[in-house]
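Two complexes come next, and they have one chain in common, subunit A, joined by subunit B in the first and subunit C in the second.
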Partner chain A sequence: MNTPARLRAWLFTGAVLALAACDGPQSALLPRAEQAEAIDRVWRVMLWTCTALYIVVLLALAYAMLRRRADRRREGIASDPLLRKTLAAWVVVIVAFLTAFVALSYAEDRRIRGGEPDLEVRITAKQWWWQVEYLDADPSRQFTTANELHLPRDRTARIELRAGDVIHSYWVPALGGKEDLIPGRTNAVWVTPRENGTWRGQCAEFCGLQHAHMALDVFVHDVGFFERWRDTQLYPARLPETATARRGKAVFEQHACATCHTVRGTTAGGRLGPDLTHFASRRHLAAGLLPVESPHLLAWIEDPQRLKPGAQMPAVPLAPQDLLAVNEYLLGLR
Partner chain B sequence: MSSRCLRASVGATVVAALLACGVAGCDRERREYRAAPAAPGSERPRLTDLQPGGTLAQAPSATGARYEGNAYHINQGSRWFRSFNCNGCHGNGGGSMGPALMDDQWRYGGTIDQIHATILDGRPNGMPSWRGKLTDQQAWELAAYVRALSGNVSKAAAPSRREGMAATPPLTRIKPQPPQSSDPSAQNPPPP
Partner chain C sequence: MTRYDDAARRRHLAELERVWADPPGLRGWLTTVDHKRVARRYIVTALVFFVLAGVLALAMRTQLAVPENTVLGPDLYNQVFSMHGSVMMFLFAVPVMEAVAIYMVPLMVGARNIAFPRLNAFSYWVYLFGGLLIFAAFALNIGPEAGWTGYTPLSGPDFSPGKRTDFWAQMITFTEVAALAVAVELVATIMIMRAPGMTLARMPLFVWSMLVTSLMVIFAMPAVMLSSTFLITDRLIGTQFYNPAEGGDHLLWQHLFWFFGHPEVYIIFMPALGMISAIVETYCRRPVFGYTPMVLALVATGFLSFGLWVHHMFATGLPPMGNSFYTAASMLIAVPSGIQVFCWIATIATGKPRLEVPLLFVLGFFALFVLGGMTGVMVASVPLDLQVHDTYFVVAHFHYVLIGGAVFPLFGALYMWFPKIAGRLLDDRLGRWQFWLLFIGFNVTFFPMHYLGLIGMPRRVYTYPTGLGWDTWNLLSSAGAYLVALGALLFVVNVARALRRPADAPDDPWGGPDLSWATSSPPPAYEFAHVHEVRTRTPLWAGPDGEPQLELPVLHGLRTDRREALLTTPIDAVPECRWAMPDPSIWPLLAALSLTVAFVWSIFDPWGVVWGSIPVGVALIVWFWPKKSEPSLQATE
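Right, the complex of A and B next:
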């Protein structure tokens, strides 16, 4: 392959990779919530204005270059009143546009941070997963889940953001901008989703070894479906049905699992790791690492450090039959 | 066969059966003259220095030495210390219901092996046994952090910042306090 052809191949690959990032469940260019649309509008205004101004600059540059070659008599002229006036006018234009951008951005930013929320959720980011608490004035209607955010369409949710250990950043590109989660400080974002679907969020602030494996699945449903989901989540854990699963429950409660994990309705009440009450209803385990399926879960319980080195969950030594039992028990927690 | 002959053979059978039972009963209990030696390194740490005769030093475990010199493991220990509510009784190392961990007094020994054993086995009057509820590695990390609280780990490895409220200077700056007698009540005269 000769050099230009190789260069073209590289450019093509680069363009494909760059454009591939513009689609899918994690794209800021496909806004699916009111707040994301506002940010998108501001961004488009800035993009097209800057593009137009840049074209003007390029045209001016081209004119200067052409004129320089055609008119050699102008060499050595130190002062040019017309040029000075044009540059001064250009500075005024730039400052005016920048001021307009700041004003627009400020106004939109104020607008998307507020509103009467229909739903309050608290997200606490931890190394390396998301704890999601659904708040309610009635304490019996509150519950905790992990790594999944379910929202009703066309309803405004206020999402309170906290950090459990180090600085993280909440970013669901399809539903709105980034917001940092800072230890000792409470931030909030407002989300009004406009379309049903499954989106993906990602920690956007380097937070340690497994920063890359810290994803958040976001589901937007109809209000009715959301209410049913919420009512299901409020139930304590399902009782194990098979003998193996019953054994798994006993192992889970007696061994180190229960030191960190909660399964509501059992004696397992640890608050350190994710709440596993309805674990099998989730799409992914370990913050987007793997789908919740038998071989993956089994491998995860056996040695989390092989799949997510540095994760806070240690490999708990369990006998092989206990391992299988815990696996079956957890997969029954729908 | 005559009835006499029959009776004699029944008698002989009974006698033979009794003899067999008697002989079977002659197997005396087993005496184990030589127990299998304990695997090297599986020795459990002593809880007290008080020993009959000359003091026999115990070799410290390599695991403990490794964890004591490792900043990551000490920091993980600090995380577990808060997460598993050690603060509930030991109050950030200052002690409340449980004994203080930032001084040089140790009821059950202050070496990392002894602290590791204390965490896993539990101790009378309140210290729960965490065996099976923590992994062995977590216990080592906790023990390394507890050692750091009294300044007994390498300055290069001690955490320079604390996550919670702290009543002491950073752990890198406190004076090392080597463990004193492991059981002061056993060696000091009782209080008047």
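Right, the complex of A and C next:
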């Protein structure tokens, strides 16, 4: 292979790698909601304009360093009418670009806020997980879940943001910008997803020991699918089917678990930790820490502090059989 | 006037030498009020803190090199990044710039010493003790844990129990006191101690930049003093400034902190602008093009910097209309910055650039700072900021403006001024190696961070999972961090090697334009044999082409039997009166020690403020007590 061809091959591979990397589930470069698209427009305009201006400045600098200095008489003249005019023109250019940027930012900023919501969700951030409440005018149609946000495509959701302890920040890059959740204040974001899929969000404001492990899974469905999901979530927890699971339920209700967790339809009604009514229908446990699968869940219940040091959940001493039983019970809560 | 022959000259110099000398040995070391000795200490201390904070950065980059790494646990990582930010901002960046100014400004304006020299010594000791305190706390596992921004409620009594945040907040108090003291000295020195004839319009641009910086320090520091004191009282005596349940507000902290915090960034960056002007001027042998626009740009940046703090708070849910105003105000900063970049490039283009190491660092500054400025314009836009705020994009942005915009010019300035400070030239070849290592290492470390932020990596996370596309870029970034460390190490080697050579630097190795080059390298304790009179912006150059001025006009008439300095009027620098400057004194050190006792005591007990202020008061009274015995005051007219 000759040199240009090899170079082309390398460049091609590089480009493919760079594009592939954009494709992460938490990337702002692949906007998948109206609000994220608005921000992306600002990004593209600014990226290309600023790159061009940057190159202009560096070329001017290169010229200044490398120019041939033949005209000895012009050297070192402290005031120079031509330079003066060029400076004025340069200021005009900067101001023109800035004005355009300000106008663009203003216009797109109005587009990402407000809108008639089809759905109201309240997210309360706590150290270090997300409580997600689906609101409804009819109280019987409200429910609480955790660490997962399900949204219908092409519908606008208004997400109310509150904090339970310290300041956190809600951020799902594929769907839009971030907004802080601040104790004592109520904020909101609007999301109008444009594509079905699964994305990841993460707390973006430093919130203590486990700030790194505070992720949010976001699912966008067709409206029909979303409604069915919502109806399922409204049901109380499934009854355990096996003997082990029944024993797990009893252990759960009689031990410390029930003081912090709610499982609707049982006596477990604690409100400190996530609602576990449909725990097994979720993708991850402990705010994106691990997939909801048997060995992980078992390890988590046995000693949360080993997997997520500092987490509010203590290790509850359970006999080995009880541990397995709770594990099986929870995995049955679809 | 008597005939001024060689013998008279020798007598004159011997007398100056005697009057301005420090006591010998340890006593002199502890009591000195010579701005040059204090500044050298300041610079060395700040650079030591720079290295320590850099080591902390290396620890972080090591932890983040691969996903799910366990080199640092969450608790230690949080302390490490909080220390890194706090030390870099409070103990390195602001003090090192002020320290260079403490050394250079009196020389550049042709003064005999800095104004309020005892306050200057006091400032250094307070700064040193504050820095030692925070590192001692960190070593004892009571280092800060809530980031350098210390947001409540995470830093409040409920979520940061123990003494970690108290030590951090008190360290801020130390550095505030030190920085304010220096700012006041610099303003006074610049306003009334300039050489006769050095009107405001003839001041070197570095001196202008330090004047604006010092005024900014004076106006910005009280805000952080207020916010950190509120935090301390919330934690220590149960006030409720930051408790929404009792009518307090967490955003109060953010407003107060950023009202200081944003100007702070310019406080770091503004002296660097002056350094660049000095370097460009010296190595292109041509006065900076557009002196007036340059000065106006500095002043405008100073003013504007107080009107944009809310761009750190776009995601907190403030009213959108207000946010848009701060977008416009933040972007406006690009105008004075653009003017300055233009003027420097024009100066290079119409001058005769010599690519010495300092100019190399300035070229690096252009490549890095202009990029950082562009991303700065981006984060000023509300919608875009909502995506990149608190991500690695912002980490990349502020390292480009702070390292590219301030540390690169600082290294350039250190290469230029090292002979004036230490009497020796730094090695040119090592300097070039250092530059390229730093420049390449810096870009390898920080450029990928822009991309990391855009693909979703938030800042201040102690680890990250695999599968998000972040692994490669983090590894690359960590590799770059080691290159930067190597570059910094080369500087240490260069300085160490230079200090082992004899002090043989010429007075004016570069052919510089300002008064600091009109005396020996390093200057004697009394700076200049005579007070120079200044008639142009570039007193050491005869014309705009930088031909050396052979004869400098001087002024006679100051007494030499006491530490007498000439004070001039603030605008036109017309000689106004003579001032007997203070002699060396141990009391600044003792006052700083007793202040340290009071501050540390108050961390543990509110009554420490009351009882601790008694020794401070005693030290200050003795310090200021007019003493008949002082030689400076003995002599009569």
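Going forward, the second predicted complex is superposed on the first by the 306 of 334 C-alpha atoms of A that agree within 3 Å, B and C clash if a C-alpha of one lies under 4 Å from a C-alpha of the other, contacts with A are read in each partner's own complex, and residues count from 1 in each chain.
Please note the rule applied: a contact is a pair of C-beta atoms (placed from the backbone, for glycine too) under 8 Å apart; a residue touches a chain by one contact, two chains touch by 3 or more.
These numbers were taken from a predicted model, which means no experiment stands behind them.
S.K.: Just to be sure I read the superposition right, which of the two partners does A:H255 touch: subunit B = first, subunit C = second, or both, or neither?
M.R.: first
S.K.: Please work out whether A:L272 is in contact with subunit B alone, subunit C alone, both, or neither, and reply first, second, both or neither.
M.R.: First partner only, subunit B.
S.K.: Which holds for A:L87: it touches subunit B only (first), subunit C only (second), both, or neither?
M.R.: So A:L87 only meets subunit C here.
S.K.: A:V316 in the overlay: touching subunit B, subunit C, both, or neither? Say first, second, both or neither.
M.R.: It touches subunit B, and subunit C stays clear.
S.K.: Who contacts more of subunit A, subunit B or subunit C?
M.R.: C
S.K.: Contact-wise, after the overlay, does A:L333 reach subunit B, subunit C, both or neither (first, second, both, neither)?
M.R.: Neither partner.
S.K.: Touch test for A:V292: subunit B only (first), subunit C only (second), both, or neither?
M.R.: In the superposition, A:V292 contacts neither subunit B nor subunit C.
S.K.: Determine where on subunit A the residues touched by subunit B overlap those touched by subunit C, and list them.
M.R.: The answer is residues 165 of subunit A.
S.K.: Touching subunit B in the complex: which residues of subunit A?
M.R.: On the subunit A side, the touching residues are 165, 254-256, 258-260, 272, 312, 314-317.
S.K.: Flag every residue of subunit A that touches subunit C in the complex, lowest number first.
M.R.: 20-29, 36, 38-39, 42-43, 46-47, 50-51, 53-54, 57-58, 60-61, 63-65, 67, 69, 74-78, 80, 83-84, 86-87, 90-91, 94-95, 98, 101-102, 104-106, 108-110, 112-113, 161, 165-167, 169, 171, 173, 176-180, 182-185, 187-188, 200, 202-212, 288, 309-310
S.K.: Within the complex, which stretch of subunit B touches subunit A?
M.R.: By the definition above, subunit B touches subunit A via 79, 83-84, 132-135, 137-138, 163.
S.K.: In the complex formed with subunit A, which residues of subunit C make contact?
M.R.: Those in contact with subunit A are residues 73-75, 78, 146-147, 151, 153-154, 158-159, 244-245, 249-251, 285-287, 289-291, 293, 315-317, 320, 323-324, 327-328, 331-332, 334-335, 338-339, 341-343, 345-346, 348-353, 355, 363, 366-367, 370-371, 374-375, 377-378, 380-391, 451, 454-465, 467-470, 472-473, 543-546.
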